[in-house]
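Labels run A, B, C and D following the written order; every chain starts at residue 1.
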Amino acid sequence: MKKHLLTITSNTEIARNIFEMKLTGPGTATMTVPGQFLHVSVGNNTSKLLRRPLSICDVDLEREEVTLLYRAQGEGTKQLSQKHTGETVDVLGPLGNGFSTESSEDRKKALLIGGGIGVPPLYYLGKKLKDKGIQVTFILGFQSLEASFYIEQFQEIGETIVTTVDGSLGLKGFVTDAMDQPISDEPLIYSVGPAVMLKAVEQKAQGLNGFISLEERMGCGVGACFACVCPTETRQSGYVKICSDGPVFKMGEVVL
Amino acid sequence: MSRLRVSLPGLDMKNPILPASGCFGFGKEYAKWYDLSLLGGITIKAATLEGRFGNPTPRVAETESGMLNAIGLQNPGVKGIIENELPWLEPYNIPILANIAGSTEEEYIEVTKHISASPLVSAVELNISCPNVKEGGIQFGTHYKSAADLTRKVKGVSEKPVYVKLSPNVSNITEMAEAVEDAGADGLSMINTLVGMKLDWRTGQPILANKTGGLSGPAIKPVAIRMIYEVSQKVSLPIIGMGGVSTAEDVLEMMSAGASAVAVGTANFVNPFICPEIIEKLPELLDEIGVEQISEMTGRSFNQWKTPLSSR
Amino acid sequence: MSRLRVSLPGLDMKNPILPASGCFGFGKEYAKWYDLSLLGGITIKAATLEGRFGNPTPRVAETESGMLNAIGLQNPGVKGIIENELPWLEPYNIPILANIAGSTEEEYIEVTKHISASPLVSAVELNISCPNVKEGGIQFGTHYKSAADLTRKVKGVSEKPVYVKLSPNVSNITEMAEAVEDAGADGLSMINTLVGMKLDWRTGQPILANKTGGLSGPAIKPVAIRMIYEVSQKVSLPIIGMGGVSTAEDVLEMMSAGASAVAVGTANFVNPFICPEIIEKLPELLDEIGVEQISEMTGRSFNQWKTPLSSR
Amino acid sequence: MKKHLLTITSNTEIARNIFEMKLTGPGTATMTVPGQFLHVSVGNNTSKLLRRPLSICDVDLEREEVTLLYRAQGEGTKQLSQKHTGETVDVLGPLGNGFSTESSEDRKKALLIGGGIGVPPLYYLGKKLKDKGIQVTFILGFQSLEASFYIEQFQEIGETIVTTVDGSLGLKGFVTDAMDQPISDEPLIYSVGPAVMLKAVEQKAQGLNGFISLEERMGCGVGACFACVCPTETRQSGYVKICSDGPVFKMGEVVL
């Protein structure tokens, strides 16, 4: 675990309020596990003290470049979105436990389900799974056409089913509506999104194995402050810390 | 390095910096970032008699130059701490300040008995100022008779010096400090968090599941400095100062106000290396103002003519 | 514009925004920046019986997301204000809230008599919470018996509704609010500043000549929100909320906590146009959350099921 | 009185910790009185709320450019010093009452005395006085050679005597030591610097007329908050506000 000062190589709005930030620096060499996150400082002189957890969306080890996708919604991410190429960003990471792509080796298929700003880590995960010869299908849920992003990039990796709440792109409805089609070959499920979505996905996917990635407001991001706990019945302590035990958990492991 | 040494009851520290309770877990996590033996000491997360899960999430919210927390004293219970957490800190060989909490006097007393008996614990910090639990905590910390009573009882069973951690949510912090001094406290820790709240303007609803929380961070430093300044002139107990400290300059400001050692809380979340970075910077700053021993800084705001600086 | 209208005892305001006492002088200076008739009202600087020079300088210091002030109630005295300052505000035709202070009960009473008799004054704000004067001020505001006594006496002579301005430097703000409610107050103003201090780490000396000062600005907003939230559920008086408000979002947050109108202090120094900018933004925000009348926002954090929003 | 969003055209360190910032924008057209100041915001997202009063050092009306010289000492000015060309700075101003160059028309000579970071406004003042045909002499006091700045620029306007505390440049000593030479022709005195210096200058200059410019910590900068008062025996109120009645006063007018 390290603190890195990375340099912005690009920071552009790719959909309404959705930004793609590319950062370069030697620290990126350690960012090899999808589902891990960076704890990103908004800046040195700002009144926003807490770091923002953002998932690793892609890593180019040769170019020493990591990609983050984020929604500029609150003050902190808005300030991030105003940063220019050449400025530095202070990040901790990679933090947390990401998606295990090992355990999936005996599977042929994977179904990756993401909602809204939960979509980014699925990109890096999809690439990694594909590299292992696994056939990847994405189900990506957005509010609307306007709010959707990265669809072409996902299509390069595997079949990509899109749902939008208002029906302006793909299927009208939620990601779980796209799961109504019979799911064949018992794929492994990987899902990232708001808790309500994860809950619905777990229900739909009953009987299947898989992983989910949780979100919670964080203090330290490293397991020290107990801000980000989630109850579980499967561990003796009765809880997990999302930042350090997660953010990725086996389906059914935590109480959503 | 000996110019940074400070000595408080039970706490012989090679520098005045220790992480504040609740902001450093039991040390394990930050040990992945740096060598904990660099620290002057460690304050561990509050211990209660039984394990506690704490409050529902969200437990933190961000405010301008500060944050709110309502963790609610989550911890594995005093036995779990003694068995599983403390041994792990032994190799670092630094003083451990054990923060203790409870819902009743009896619970405080039991926890103190257990934890103060551990050879690894150097002193206990009586947390009568946690704003995030329904029972105990701050209710002892805002009425000075109950604060004094509890101090006396805890002191009666403690095998180690007792620091009482004061709440800033009071009309008269000096009366509170005097009351616990009279009751036998060996030192004071101040300040705990201010009770605060944040609402989502769109829904009108609190961000924290617990509704209110404790405000910490640079936003509260002026309140901490003022309270330490007032109290240190009225009591003769050493003070572990805290509240918004984020830089080496802040440490010297707080010592000037009257603190003998300084705890760093929220700043650990901003920068996990903050404690060793501050420790490294302190000698530079002392050189800049021509002070030899950091202990001379204590109370400099009011007693500089009484205890002349080494530079004069 | 009528969707922004709020109505409080003596204060019929076309929008809920008024500058806070001491942060806007007597209005003249900001009249050079914009048309004061845009405001919901004006709180003028504290009036005392005789003119006062206040404290020595420096009187302000900067803190993280806040500032300290120790002006010390400088003002030309109640007669000077009535003769030279108030007439000047008449053409703007907005409610004037007159902040009154004193060292003794008698002084408060005299000032109230004079100023509440002015036809230009709509209501008086009893400042029992100024932390920057040796006598009077906060000493009335931290003991609820004296607060209640003073309120009763002032109320007895006032020709206008009386708002009591509460100090946040107390253990129990609700008891204080209930005490002044029982004593006949027509409304509450809250919060005044938190007592704070800043030292120069190099010299160890306070930045403010008065040593301590009042902490204001965004740093204290969480404390203000919490206190307004607590008090508004326990008393039935309308509350003028203040403490760190700097944006239109902050205004809605504070009203959700329980405020019926909102005063803006420190933010005027950051941006002299802040009050009209906030007023202009409010309707946009109300549209965003589908609320028709801003007055429906009051207490939304706790009473949203009692008073359904127009949007439901 | 206006709020302006000016654009940085340059921001460079011209001596140790001394920065020259040039700002452009239509608002500069009103900045025509030396001794007035701008109330400069450190930035939108910073935790430093209060504006910094900085004197107008020069104005180029054709290029719509104003120059500020400032010492990066505290957090706010340090943050200002990190701003880049092209970024905007939010300023209020011009504020306060500057130096009257009218009343000096019947004089032939002017002696301009500045200490440390009080030097900047004397540059614009010197230029204005010279334009009126007045012979200008400067006495500029610095800590050391290293801390000195703008000396060549001042020399272009008039005779420039430099003092340094450590003697590394010009006369060793304070500005008042340079006043020991007999002052001829009863020049008007204009002086800017720390209060102790102004006091010493007033004493040395006894019998002469002139103006001084004061400094004080400010809240509003516009006369509303009573942060910046200074006692006076010459006005009925008993005080002046430095931000709005000053910062320039007649010598002897206020109690230093």
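Note that a contact is a pair of C-beta atoms (placed from the backbone, for glycine too) under 8 Å apart; a residue touches a chain by one contact, two chains touch by 3 or more.
Since the model is a prediction, treat every value here as computed from it, not as a measurement.
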### Query
How short can a chain-to-chain path be from subunit A to subunit D, counted in steps between touching chains?
1
### Task
Express in whole angstrom the distance between the two chain centres, defined as the mean CA positions of subunit C and subunit D.
36
## Note on the structure
Whole-Å distance, C-alpha centre of subunit B to that of subunit D, is 46
### Query
How many angstrom between the C-alpha centroids of subunit C and subunit B?
34
### Message
Two or more other chains touching the same residue: where does that happen in subunit C?
### Response
64-66, 217-218
### Task
Please set out, as single numbers or ranges, the residues of subunit A touching at least two other chains.
47-48
### Query
If each chain is a node and each touching pair an edge, is that a line, ring, star, complete or other?
complete
## Note on the structure
The subunit C residues in contact with subunit D across the complex are 22-25, 28-30, 32-33, 45, 51, 53-54, 57-62, 64-67, 69, 71, 74, 76, 207, 217-218, 266, 268-273
### Message
For the complex, give me every residue of subunit B touching subunit C.
### Response
63-66, 68, 142-143, 169-172, 194-206, 211-212, 215, 217-223, 225-226, 229, 244, 249-250, 252-253, 256-257, 285, 288-289, 297, 300-301, 304
### Interface residues, subunit D side, partner subunit A - complex
43, 45-48, 75, 79
### Query
In their complex, what parts of subunit A are in touch with subunit C?
47
### Query
Where on subunit D is subunit C touching in the complex?
1, 3, 41, 47-51, 76, 92, 216-231, 237-239, 244
